[in-house]
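Below, each structure is written out as structure tokens.
Below, chain A partners chain B and then partners chain C, in two separate complexes.
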Partner chain A sequence: MAVFLELLVNGISVGAVYALIALGFVVIFKATEVVNFTHASLLLAGGYVIARLHPLVGFWAALAAGIAAAALVGALVEFLILRRAHVGSRGVLAIVTIGVDILLTTELTRQIGTEVLALGDPWGDRVLRLGPVTVAETRVVALAVAAALIAAFLLAFKFTGWGVAMRATAEDAETAALMGVRLGRVSLGAWAVAGALAAVAALFLCVFPTPGLDRGTTAAAMKAFPAAILGGLDSTTGALAGGLIVGVTETLISGYQSELAFLGRGIGDAAPFLVMIVILLLRPSGLFGTKEPVRV
Partner chain B sequence: MSGDAGRPGAGGPEIESPETAVPEAAKPATPETEGLEIRGLEVRYGPVRALRGVDLTVPRGAVAAVLGANGAGKTTLLRAVSGTLRFHRGAITAGTITFGGARVDGAPAAEVVRRGVVQVPEGRRVFARMTVAENLRAGALAVPGRRAAAARERVLELFPVLAERAHQRAGLLSGGEQQMLAIGRALMAGPSLLLLDEPTLGLAPMMAARIADTVRRINAQGTSVLLVEQNAAMALALAERAYVLEVGELALSGPAAELAASDEVRRRYLGVGAPDTDRPVGTGLEERAERTRPARWTA
Partner chain C sequence: MSEPTPAPDMSASGTPVTDTDTPAAPAPGAPVPAASTPGAHIPAHASAAPAYGVRTRRVSRPVRAALWAVLLAVAVAVPFYLEGFWLQTGLFAMAAAIGAIGINLLTGATGQLSLGHAFFLAVGAYSYVYLSSDLGLPTPLAAVAAVAVAGVSGGLFSPIAGRLKGAYLGIATLALIFVGQHILFNAEPVTGGFNGRPVPPLELFGLVFADTPELVVLDVPFGSLERLWFLGIALLAGAALFARGVLRGRPGLAMNTIRDHEIAAGVMGVPVARYRAGVFVLSSMYGGLAGVLVALVFQQVVPDYFGMPLSLDYLAMIVIGGLGSVAGAIAGAAFVSLLPQLLTRYSDALPLVAEPGSGGVSPAEAARILYGAAVVAVVLFLPGGLAGLATRLGRVRLKELRWAKSAPAQASRR
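After this line comes the complex of A and B, so read on.
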């Protein structure tokens, strides 16, 4: 039972980080209806800046710089590429983001090389013991930060002018423009916010018990993609639920790997995608995705 | 022109050919015309010319109507004013649009809204996934909070049903309620000029009459209205001045009451009198070559 509880708590905290990344997908999708495959490279860019700067300026300043850098990269991708890609289909724009991701990731992994970069976080390898459950401090902080950020975005989407403008734009960009919404600003803001979220997620993906930032970090980041899809790409709540489902599934299946050996090696990595497929077969809009209201 | 409608004195106001009519562009600007002024407007969607040489004026505080069959260019005219042609790969290729003395042609839609011109699009296009209250809030995104609160009060006074449905999803409202929401949402920006694109389309006659009454009340509160409408009887009853578009060109223009009394308008747009057998109505751009030169009523 102790093992199960420990895996569950770790799964929830990893899931909270996936939820943060999924929230980045959701923010961009809400504002532009574009599925952003550049997210993993935004995350890598933020993490890379934190890793390189913390020995020079200290952790907190490096974290701020990493968040700002990832936001800037996101804004630049929108401003320099997507805004100028005059294609009618959002599917084509999604493919454009794949191309941008490959370019950015190639350059960043070339810079990282074979190194494993530490991010200089203040929590180190300390653990908390809650009865029979042992959990890394970094995981608890990740859970708290992710919960606070997701709650803030939930409220912002619902109650702020920024949130209303984003939702209106996602639903009908032309009509939103007729209401005075500046579409370029909405899109630019969404990409910058998604970049900033990716940098925060990069921090928690690369701290203890993970050894640090390396070329494989983007693969870890991509696990948030099924989280966003199965939660519903236009739902903040869905990002949270999807992240938690993916995190807990992955951690539990990896933790009970020996009992599940008959399913083959690496089932823990594949499990989030299997869960995504099953959920989409049952609920095509995802768990919390918006269905178009139809009056009968 | 067919029959008597093309001759001076036939069925209403005196008609002049476009060659002898005084072009509106040549008329001096007066305080009355410091509203919307469109001069020599030409719009293209790629190689297709959707509007040519359109002149139109909506004086401050007035209601003007634009009539015409499907494909005549009515919606294109509104898109040109509201800055949304780019969403349809269209562009203004000639002419000017000014509002309050400042050029708005080529301005982005959000900028046009900030200058006081707001469009209610055809088919309502409410934000179906958002609540009624959120739709109204979306309409006020371009104005400061204090003005938005006053506008909301005015809208809910105009459409009390929106207060009752405030927390209901807009996509679940009836067609009439959605039209009220679309107009209310546009009013949230506090427009000086409201562009209405087919506001009664698909509505029951009673609801259409209610919308017409609402347009009157909005205008009485000081908002100018440019009304695009296929329901010619309603449009001519509401408007002081009317324009008839045919395949992208201005065919007729003049005081709405005089147009309503003219034989040609009565026959072709109000369905009164003998059918016009010489010329098909509402046949779209492809039949442009078959058209005769348009005539113009001089006011």
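After this line comes the complex of A and C, so read on.
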């Protein structure tokens, strides 16, 4: 039971981190209807800046720089490329983001090389004991930060002018533009926010118990994709739920791997995708996604 | 090589064919004069398929025929002159082209994104190995069966492939990659695990596609690569022609309509979900075929090859080459698969590219950066990709040379 609880807590905290990534993903999709495959490399960019700067300027400044850098990269991608690509369909834009992702990921993994970069976080490998359950401190912080960020974000989405503009754009871009919403700013903002969230997620994906930032980190970031889609690409609640489902599934299955040996080694990595397939079979637009009322 | 040059050919018969085109176009059904010209089946399609991919037909027919003849002659001559390294590269490009055609049917023509294509290559490659080595099927049969298995696995995914659209499907197909990699690494009795398995050579009508029974043609020793070269060309030609037929016929129209307006397609009686699923199956079979060819060239299948980057490569190919066109898929495949090899080969002569492992930008990385940039550049500056570029260049030249009074043919396609 203790093991189960431990895994559950860990799973929820990992899931919260996935939810952060998925949230950025959903924000971009809502604002621009672009499925953003650049997300993994935004995350890598943020993590890389943190890892390189923390010995020079200390962890907190490095974290701020990392967040700013990832936000900047996101904004630049939107401003320099997507805004200027005049293509018929959003699907082509998705492929453009794949092109950008190839570019960024290749360069960043080249910079990282075979190293495993520490992020210099203040929590180290300390653990917290809550009765029979032992949890890494980083996990607790991750859960708290992710919860705070997501809550702040949902509130901003509801109550700030930016949030209203974003929702209006998601609802009907043309009408929103006629009402004076600047679509360019909305999508620029969405990309910047997504980049910032990705950088925060990068921090928590790379601290203890993970060894650090290495070239495999993008694969971890990939798991936010099923999180986003199984919750519903256009739903912030869905991103949250999807992130938690993915995180808990992955952690539980990895944790009970010895009992599930017949499924093979490393099933924890594939499990989120299996769950995604099952959910998509039952609900093609995700758990909380808007169903398109189209039937001919 | 004394092939007929394009110039005399087209001046001789270029105009007549366009003439027969025009009058027959309005009434495609009845009066197609089977006796008049050998090429008289064109009108039927000229009026039936004002589809996207057809815009490339600005060059008149005999010119195209001549171009194809030259291309074919070059393709046949290549193994006699080029060394093994380039043959292997070319073969990989052919396999890539087959796969790219398949994914272009799905993504370019139907608007459905797939990031899981590498999985179907893996299914094709591993099925071939398993069926021929373990089940002892004759190798050609195993190859065909492997393609079928790839199709079946695409069909198993069809409940999802039929219902999700566009980039949604793209994310869902990520599952194929991750689950596929998991299976490849863990189902060791079938897949050989991390180290993969050796691939038995294909044996077709007594001809073994391997180095061992020596074969010398015109003083050139024909090893496995030389032999496979011809197989690759035949497969690629077949795959390209089939895809062209699909794109230019009714299915192509339906696919393009689904891509452009799903509801309109449904209203006009296109079974959208069934088409999406069907195209997915077809494109997975193309993937399977590409996988079989890759396996035959590589002579060893390893799981690492069939990962995420391979799928991304394929998407890069079709964007660079031109979405929705067969020629574009081939051009893009050539570009993406030749680039790293060219950079590797000439890395010492190129600025900014360093030897692998010396700390600078390695050729493989440089290639990835280049074609990542190419994807972006094509979308920004060259809509239509390489195929679109060729069309535009062709149009300009036609105007300059003034022998293109083929305007009626164009008008009939409007």
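Rule of thumb we're sticking to: the second predicted complex is superposed on the first by the 291 of 296 C-alpha atoms of A that agree within 3 Å, B and C clash if a C-alpha of one lies under 4 Å from a C-alpha of the other, contacts with A are read in each partner's own complex, and residues count from 1 in each chain.
Just so we're on the same page, a contact is a pair of C-beta atoms (placed from the backbone, for glycine too) under 8 Å apart; a residue touches a chain by one contact, two chains touch by 3 or more.
Everything quoted here is computed from the prediction, not taken from an experiment.
K.L.:
Should the superposition on chain A be reported as showing a clash between chain B and chain C, or a fit?
P.N.:
fit
K.L.:
For A:Thr290, is the partner it touches chain B (first), chain C (second), both, or none of the two (neither)?
P.N.:
Only chain B; A:Thr290 stays clear of chain C.
K.L.:
Counting touched residues of chain A, say whether chain B or chain C comes out ahead.
P.N.:
C
K.L.:
For the overlay on chain A, what angle lies at chain A between chain B and chain C, C-alpha centres, nearest 10°?
P.N.:
The vertex angle at chain A equals 80 degrees.
K.L.:
For A:Arg126, using the defined touch cut-off, is the partner it touches chain B, chain C, both, or neither? Pick first, second, both or neither.
P.N.:
The answer is neither, since A:Arg126 touches no partner chain.
K.L.:
Considering only touches as defined above, state whether A:Asp269 meets chain B (first), chain C (second), both or neither.
P.N.:
So A:Asp269 only meets chain C here.
K.L.:
Once chain A of both complexes is superposed, is A:Arg182 in touch with chain B (first), chain C (second), both, or neither?
P.N.:
Touch status of A:Arg182: first partner only.
K.L.:
Looking at chain B versus chain C in the superposed three-chain picture, what is their shortest Cα distance in Å?
P.N.:
14
K.L.:
Which chain A residues lie in the overlap of the chain B contact set and the chain C contact set?
P.N.:
On chain A, the overlap between the chain B and chain C contacts is residues 294.
K.L.:
Under the stated contact criterion, what part of chain A meets chain C in this complex?
P.N.:
35, 37, 81, 84-96, 98-103, 106-107, 110, 222, 225-226, 228-229, 233, 263-267, 269-270, 273-274, 276-277, 280-281, 284, 294, 296
K.L.:
Can you list the residues on chain C that touch chain A in the complex?
P.N.:
My answer: residues 107, 111-113, 159-160, 163-164, 166-168, 170-172, 174-175, 178-179, 181-183, 185-187, 259-260, 262-263, 266-267, 272, 308, 312, 315-316, 319, 323, 361-362, 365, 368-369, 371-376, 379-380, 383.
K.L.:
In their shared complex, at which residues does chain A touch chain B?
P.N.:
Where chain A meets chain B, its residues are 161, 164-165, 167-168, 171-183, 290, 292-295.
K.L.:
State the interface residues of chain B toward chain A in the complex, per the touch definition above.
P.N.:
82-84, 87, 108-110, 113-114, 118-119, 121, 125, 127-130, 134, 137-139, 141-143, 169, 171-174, 185-186, 189
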